[in-house]
Amino acid sequence: MSAPERLHGAFRLTSGRVEAFSDGVFAIAVTLLILNVQLPSSTAPGALPAALLHLWPSYATYAASFLTIGIMWLNHHGLFSRLARVDRWLAMLNLVLLMVIAFVPFPTAVLGSHIQAPADATAAGVFYSITMLLVAFGFSGVFVYVARHPELRAHGYATADFMSAGPWFLVGTLAYAACIPLAYLSPPLVVLVVAAVAVYYVFDRLPGPAQ
Amino acid sequence: MSAPERLHGAFRLTSGRVEAFSDGVFAIAVTLLILNVQLPSSTAPGALPAALLHLWPSYATYAASFLTIGIMWLNHHGLFSRLARVDRWLAMLNLVLLMVIAFVPFPTAVLGSHIQAPADATAAGVFYSITMLLVAFGFSGVFVYVARHPELRAHGYATADFMSAGPWFLVGTLAYAACIPLAYLSPPLVVLVVAAVAVYYVFDRLPGPAQ
Amino acid sequence: MSAPERLHGAFRLTSGRVEAFSDGVFAIAVTLLILNVQLPSSTAPGALPAALLHLWPSYATYAASFLTIGIMWLNHHGLFSRLARVDRWLAMLNLVLLMVIAFVPFPTAVLGSHIQAPADATAAGVFYSITMLLVAFGFSGVFVYVARHPELRAHGYATADFMSAGPWFLVGTLAYAACIPLAYLSPPLVVLVVAAVAVYYVFDRLPGPAQ
Amino acid sequence: MSAPERLHGAFRLTSGRVEAFSDGVFAIAVTLLILNVQLPSSTAPGALPAALLHLWPSYATYAASFLTIGIMWLNHHGLFSRLARVDRWLAMLNLVLLMVIAFVPFPTAVLGSHIQAPADATAAGVFYSITMLLVAFGFSGVFVYVARHPELRAHGYATADFMSAGPWFLVGTLAYAACIPLAYLSPPLVVLVVAAVAVYYVFDRLPGPAQ
């Protein structure tokens, strides 16, 4: 083994460490969402109850984004638990996914603060939907790479199994794409659809005793 | 085993990984609390000591929320250490609990900044109390699900033991519920009661040598 | 074993899990410090270089607090690696320590933004020094409890060894206490002393090959 | 073994724990970057799409800094996986590296918000480049220390291998240094170069099957 090869060997990545870093980013992104739920800098005396109620879009987008990232973490964990090792390309694709996940708090804040502004609600909804679509693309990138590289996987997991799971992942991608035109009809519906997609990804996985 | 079943098997969750993600959210939520302790954007020269003292409600709500989340983490850890595995429903219930925990910094900030405003202190206290009640419901959801699913637990833990712990959990739930009317009498008392409930949940667990 | 006892047994804490949660709080507190380094909301065109230089107190307090928390983490890790288990009282004392650690970003921000304000620099320095003193008390609380409870420690660590380390911990406590009057003479010196104490706690531990 | 020596033995650091703390700081620093992507506090009705597009420099600096920190994490992980233990000097050098990494969100925000301001873009670019250079110095400090202390490394890793990797690390350092004059020509090019250096550090490590 040449010196550079030995060095590369040293830089081999265990799936456990990549998961730990990813878990950190998922957990932080989800917890930072609350920083965007904020009262106006000053409210009239006695106006607090109204101001708190008026924030309902921020609560709704908080919940939709929290569930989306949280449940994607669940599936990310499920995917990586099938891996025996991680190569540099997969690490790079995973980093791109994390970069989009960590971006989610910004469009969440934008949608929460503009969904009641008639002139801007649609733009905020489109921005949010595009971000969710990028999240789906990011997850698909990781998924497809794992499906195509059996040498990274723990034994006993056939490529065919992975391919048969493809349609499941397509559901979310298509739903997020459909949210873009939906934002022209009703921005609040976008929030509902995103939350529904999140819940779908928990419960679609419950059918058998193998669970 | 069919392909979907094998895939579901791959998505089986270990309690260790769910705990690690939960630990992250608890630790971040608790540390973000400090971001809501802030000086007014400008103070007159020489007015800093008064401004720092004037922030006492923010310090008090910081402590009450920190202890509440920190000690709930302790009990969350205790509960999950009894588990052998986690299914999707439990993961979902846990995610809902984390969603409420991560929300706590917002009502904490609202209470800290309005407890001295006569017209709004009660509303802030009620909002804080309702959030704490939701936290208690979130924890109860996880607890009851674990109590009802012996197949998820490590061996040696009988359902009867879990059920007998029910009253302990009820104490906090009732105390938080009582904080809602208490907020009409005295919002600062709400902070005290919440902190006292947190401390109660540490020390009620110390009686025997089994500890 | 009665039902409550078995439950208590289940709630036994491993030092590993408490360390993991503590690590999270230390790592987050240290990373949040940067959020308090901020430019004035608007600067004149071309004034950016001056504005960046003008922030030197924020850089200095950032470094002092980062090193203090980072090196306290080092010693916290060293202390907990001697433990075989953690009881509820120790968990509570540790939580109080973490509560003070997580508070540090606030006085750091206050000192960074007021150290150049003649009328308020001393007050900011005193506030920062008191916080550091509380951090030292928090660490001492954990340390003394561990020293007095040999049953929590891994075998081979005698109480006498712990007691002989007492003076080391006293150095920091006394230095932080001395910072309070020092803030009346020179607030920037407070920052230097705090940074020096941090560095002291790394390098005092290097003498022997046992390291 | 004297009492102080036994105590020092207790304070021995495992590379695993130092990695865990470092992972936390890397993951948090990378996720905090999004907090600096912010809309102006108020926009005219209907102006949201323009405002979102106008933020492109913030998106670009977000991506460049995210990739830089994320890929440095990858290499940090690779480096520490070669270690059997960590001494206090290495812990200190690592803490200095983390202190610079955690600082990155600030110059990232400054560059994102000033790259379109003709009078200040160069200063912002220089500030960002200097920070990246400090990051490179921080990583080099850790790397050189590990290269010079074979007793810290896991068996089978020769010093010659480490030394032969030196030029790889020099590439980034020189590129960041070149960004300082580049900021006088074109601040946006600085962002591109920084992102390119990050990607270089992923893919330069892929040549052999040992990966």
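When the chains are written out, they are named A, B, C and D in that same order, and each has its own residue count from 1.
Here, contacts are C-beta pairs under 8 Å (C-beta built on N, C-alpha and C of every residue); 3 or more make two chains touch, one makes a residue touch a chain.
None of these values were measured; they are calculated from a predicted model.
Contact with both chain C and chain D is made by no chain of the assembly. Comparing the contact residues of chain A and chain B by number shows a mostly separate set, under half of all numbers used being common to the two copies.
Computed from the mean C-alpha positions, the centre of chain B lies at a distance of 34 Å from the centre of chain D. Each chain gets one centre point, the mean of its Cα atoms, and the points for chain B and chain C are 24 Å apart.
For chain C, residues that reach two or more other chains under the stated contact definition are 20, 24, 28, 32, 35. Here chain D touches chain A in the complex through residues 19-20, 23-24, 26-28, 30-35, 37-39, 43, 45-49, 52, 62-63, 66-67, 70-71, 73-75, 77-79, 81-82, 156-158, 160-162, 164-165, 199, 202-203, 205-208, 210-211, going by the rule given at the top. Put simply, chain D touches chain C in their complex at residues 1, 3-14, 17, 20-21, 24-25, 28-29, 32, 35, 87-89, 91-92, 95, 98-99, 102-103, 105-106, 110, 114, 117-120, 123-124, 127.
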